[in-house]
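Two complexes are shown next, each including chain A; its partner changes from chain B in the first to chain C in the second.
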Partner chain A sequence: MFVGPSLILMLIFIAAPLVTVFWNSFYVTKPQYEKVEVETCTPGFPKPKCTTAVKQLPLLDENGKVVTETSFVGLESYINVLEPNRLRAALEALDWNALNNIEFWQALRFTLLFTLVTMPLVIGTGLLIALTVNGTIQSIKGPVIFVSLLPFIITPVIGALSIRWLFIGDGILTAALEAWLDRDIAMFAQGWTIEILMYVYRVWHVAPFAFVVFYAGLQTLNNDTLESAIVDGANRFERLRYVVIPHLMPLIIFVLLIHLMDAYRVFEEIVGFSSQAYVISLQWLTYDFLMPDEAGTRSISRASASAMLTMVGIIVLLVIPLRRAWRDRRKIH
Partner chain B sequence: MITKPIIFAGAMALIGSGAMADCENTVPVKSLTNAFPAYVIMTDVMKGCGNFEAELDKDHRLKVQDVLSSDPALYTIVGVANATSVPLFDQELVRPLNDLIEKHGQNLNENQFITIDGNVLAVAALFNTQHLMYREDIFNDLEIEVPTTWDEVFEAAETIEAAGLVDYPLGGYYMAGWNLGFVFVNHYLGEGGAFLDENNNPIIDADKAYLVMERMKTAASYMDPEYLVSDTTFVTKQFQQGKIAIANLWASRAGAVNDPNESTVAGNIKMAAGLMGSAQPASTVWWDGWVVAKNITDEEAEAGFKLIAAAMDPAVIAANNDAAVWLANGFTPGLAAVGAAATAEAGAPAYPATKAMAVMHTALGNGLSAYMTGDKDAETALADILADYEVAAKEANLL
Partner chain C sequence: MSVPKSMEKPFWLKLLSNGFLSLWCLLAAFPIAWIAIMSFKTPFDAFSPNPFNVIFGPATRSLGHGLTTLEIAAGLALAYFLVVLALRWLPRQVAHYTPAGYGAFGWLVAALLFGFVAIILFLVVIPAVTGPLNPLLGPLGRDILGLTTEHYEAVWIDRNFVRNFGNSMLVTGGVVAISLTVGTLAGYGLARSGTDLAFWLLIVALIFRALPHSVLVAGYLPVFIKSAEILRPILGEFAPTLYGKPWAVIIVLVSINQPFTIWMLSSFFQNIPSELDEAARVDGCSHFEAFRRVIMPVMWPGVITAGLFSFLLAYNDFLVTSLLLDARNMTMVPAIAGMFNRETTASDEVQAIAAAVSITAPLFVLVLVFQKQIVSGLTAGAVKG
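On to the complex of A and B.
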């Protein structure tokens, strides 16, 4: 009874789109065309130009809508996204460059690396801030917490854009780096510098979230345990290793899971840094398929296939820590 | 993305307000257009007529089709260019304007009309192409001749680089995606190449394509190394800030590079004809103009069209003469139009706007960046582009 409304909302906003995307990834909707000879006059400079040519025009029904035909294509869209033949050839030849030249695998490479590199950094930085704030005197705690949270409040795209403007061309930070290192620097001229900027940006942006969670956890830490550890002669590091971290472990797992889900869907960084020439992610690939070109053509089917593959990837990534956590729980009880 | 044009609109309003067309509008009209200066000027005039709301968006091409296919349409009038107009014309989303032109179009001339089988479907406001812009002062200092081909540009760039007068001798809109694809299209057409046969099968000449790709790489070596994130606005700013000496740029920016309010080198930038390929100019001819939505009432359509006519009043055009190469009456080709006129005279082809070409353009824009970064060699890049085109074209039932 009580879960009714939320169940209905979940059906409408989560289950239904998911099913639609799943369905779309196996079907292709094609507009139907006819060939017609038309005379077209366009402006010239200074005189207009007229040409007569056979054009391929979409068939329109009586309501003026384009006639389309939807057909089942099986796994074709998945094959078009994954390009298994090229993958096999690249793997057999052990050619890393060839593998990196296939869009999907290039995107997967970055997405995985991005997720795995930022994960420990986010948790580490978050924990560090939480411990530092916990150790500061009571009177300045409020302002310190507020300032530490600021990066998380900023909309991701805006944050990425601001970092981009600090570094692009002769942005002030690039100019400062150039003055300091006394050499010409172009942060957006090669892939690895953009990637580093992306990692740094994501850690800067998400660490406050980890901080808030860990800070809340620290408040429930039993002081008696800590004091007895001190009495037992445990130093600062040992107290952290054997008392604080075990206490925070469930929260660390929680932050880790949320971060895995979030980071695997990396997208804002690609758009914000307009890095698509060098670095692309799986979400960006879906977005690129979905964007209409100049004449309004989209690749809905491939976009759906790529979205489904992203979801599968997240599930695979989540299963590993979830199974561990589950096993640990069973051991305790 | 939206605020910037609005601030810009404010600034332009101060300049353009000298000429207000005699108009009064009582029916609410909304417009969606690109955001470059000419549209700012025209929509400002429309605002002066009342009951008008403008949306200026440089990514408007992603929206036009959707906003016009809804019923009622979300915008009354829309600014389009030759490539963006293709799906609108094909799907009959815009209304024929012949009767409205008869009633309210006294100020318009025949060269502005885009006519398909006798129906005027769009009214062009300006002519656009890409042509050479260069720093005359630097060219005079170093005694460089004005280049007419890309090889001459590279020679000039070499001299300028050696003299060290600017950060980078060349500027170019090489941003990955549409822009980068467009650079290729222009060069390749200049070599006399063709993209698609009548059944939309790709017929790209590999030798010509490799030549063009190599030339693009050479050009890039004279540019800011961040060229793959550089769009037309970025190049315009590089000119204004005196960072580059040569660029092959859109004619619609010819006014801005010499605008004393924005440019530190105003008056020093001269226009010349677009650069020649071995067959024809490596530039394409575009028009930009207005269409009226089909899915609106006749009353709204009439009000919208009257605003379009008012925005292209000869007095308005004359007051903003150098902001664009206007097709509308009242335009006297000035210094800013020299390059565009010369390019058109040299026989620059129209951009081959079709549905299949749009798919090809996207494939080129995405596929060429890996070549530019050095991740792929020319053969792999071209093969991938063609494979990408084939998949996308089949999915769209174009093959």
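On to the complex of A and C.
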């Protein structure tokens, strides 16, 4: 009785859309065209010159609306997204640039690299902040946690924008880099500098989360264990390696898992840095298909296909951690 | 707690760790603080490569927008006075005037009144006092800090950001209210059901948390656009087009967040001893009455935490709102992205910065007030998971 409303909501708004996406990815809706013979006349002497041409016009119904037809196309939308022919050509020629020009593979490459690069950085930075805050005097812990929460809580698009404004054109940080390296720098003129900024932004944004979680873990660390490690002659680094890290291990795995999901969804950075010309991600690809193009049409079918592929990707990534959780549970029971 | 001698840090490590800590605090706060400064300057100053030009704003000053030493001193003194007042005098007044049990409401009224008075003091009283004094003081009365609020005025008034703000509040408020109502019931039900469902719920919540939102939106969008045609057989003439409607977006966001909310709340309810509501049931309460009379008074800490995270999801969302809302009902975050995607001039860019700072300010207050709950919410997931 208590769970009812929530179950209904989830069924309608999570399960149903997934089915729709699956369905849509095999169908294409197109406006129907009819062939019309159109006679166009231009005034002339002695008779007006008339030409007839066969034109394709969208078919209209009695309300003046375009008649559309939905047809089953099988895997065509997937092929349109994946572009296997161009992929094969690029792979056979070992042409990295050609591979990078195919939207889907470019997005996949960036999304995976983004996840892999930021992961250790987030864990490392978070751990470092947690350890230093844990060792500092009591009175400044509160303010430090407050300041640290700011990058985490900020709207992702705004956070990315704030970094962009520091670097854009001759922004102060670009100017500082130029003075330091003694050369002209344009951070937003090529892909790899934007990518670096994205990594930096993401670490800045997520490290506070890792920090707060690890810091909470450090509070439950048993002081006796640490002291006995000292008695056994462990130095500072060994204590960290053999006592602190194993104690935090479940939390590290938790943060890794959450970060894996979040980094795979990378999207706001693309919007904030306006980087679609150089760097795109899987989520952004679907978003782009869904946005109306110049003619005002949304390619729903291709968006559905790319959404399905995105989903398959995250399921593949999550299978290992979830199977592990399943096995742990079997052990307990 | 005293630290054993053997665990005391050597001097170099202390130095290193304190240095790292200050560096991190600087890095964490700098971008946000800097755009706040930029938003008050003319474009020429805001994008100047020289940081001192950005801070002191010579170009802004030369246009006649600026603060004199006297004004800055008066402003700082007033700010200090107000902070002391808010910390010492205000709590006593609130405690004195509000009846017991309405503390939160009393604080809300007090904060609004206090903020209103502070704004009047800063914007009306200080200029009125310093205006005639400035010419008399010589060098102290000259502008030294360029400062202009024209971009805020342009954004909020000319660009009608007020409407975007209203939409944001509507969507966020709706999401928090509905998500908590539905989620609390479900969380409580699950926590007391005693079945194995909790584990499966956790797995489902994890999977849905991993699901990119664009996948879901790809499912909504075509249905929402055509919803009037689809629903006509059932609802007749009243079949609504869901696309562009704030309440449709509210329900979408609630559902996206639902697994996480339920999971968080159910683990919170598990920590409330079930003897409590069993006792109420023995005394003759129905299931629902037991929930209302016994559980509701003690559930607020957990509900506030879950509410904060719903708030953040709805407030910070870009993807769902930008795709499912039309231009008229746009919330603040997608609206700002629209501001600089056009052919932007430098002054448009500074207006976008002012809008960005306006969006961030409520979040800043949120962290200030709810720091403890946010931290506990973040760690709750880790400890239970």
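Observations, loosely collected:
Throughout what follows, the second predicted complex is superposed on the first by the 281 of 333 C-alpha atoms of A that agree within 3 Å, B and C clash if a C-alpha of one lies under 4 Å from a C-alpha of the other, contacts with A are read in each partner's own complex, and residues count from 1 in each chain.
Heads up, the rule we're going with is that a contact is a pair of C-beta atoms (placed from the backbone, for glycine too) under 8 Å apart; a residue touches a chain by one contact, two chains touch by 3 or more.
Keep in mind that this is a model prediction, so the values were computed, not measured.
In the superposition on chain A, A:Thr115 contacts neither chain B nor chain C.
After overlaying the two complexes on the shared chain, residue contacts for A:Thr42 are found with chain B alone; chain C is out of touch. When the two structures are aligned on the shared chain, A:Ser274 is found in touch with chain B and with chain C. Residue contacts after overlaying the shared chain place A:Pro17 against chain C, while chain B stays out of touching range. Counted by residues of chain A touched, the larger count belongs to C, out of chain B and chain C.
Look at A:Val212: by the touch rule set out above, it reaches chain C but stays clear of chain B. By the touch criterion defined above, A:Ala303 reaches chain C but does not reach chain B.
Residue contacts after overlaying the shared chain place A:Met291 against chain B and chain C alike. In the superposition on the C-alpha atoms of chain A, the part of chain A touched by chain B in one complex and by chain C in the other spans residues 168-169, 274, 291.
On the chain A side of its complex with chain B, the touching residues are 28, 30-33, 38-50, 54-58, 60, 64, 66, 69, 80, 97, 100-101, 168-169, 186-191, 274-278, 288, 291-297, 299, 301-302. Contacts from chain B toward chain A in the complex involve residues 61-62, 65, 82-84, 86-87, 90-92, 110-118, 124, 127, 175-178, 180, 198, 200, 224-229, 234, 285, 287, 294, 325, 327, 340-341, 344-345, 350, 353-359, 361-362, 366, 369-370, 372-373, 375-376, 380, 384, 391-392, 395-398.
Remark: chain C residues 4, 6-7, 9, 13, 17-18, 20-21, 24-25, 27-29, 31-32, 34-35, 38, 47-51, 54, 182-183, 185-186, 188-190, 193, 199, 203, 206-223, 251-252, 254-256, 258-259, 262, 287, 291, 312, 315-316, 318-319, 323, 333, 336-337, 340-341, 349, 352-353, 356, 359-360, 363-364, 366-368, 371, 374-375, 378-379, 381-383, 385 touch chain A in the complex. Listing the residues of chain A that touch chain C in their complex gives 1-3, 5-7, 9-10, 12-14, 16-21, 24, 128-129, 131-133, 135-136, 142, 144-151, 153-159, 161-163, 165-166, 168-172, 174-175, 204, 208-209, 212-213, 216-217, 226-227, 230, 236, 251, 254-255, 257-258, 260-261, 264-265, 267-268, 271, 274, 282-283, 286-287, 289-291, 298, 300, 303-304, 307-308, 310-311, 314, 318, 322, 325, 329.
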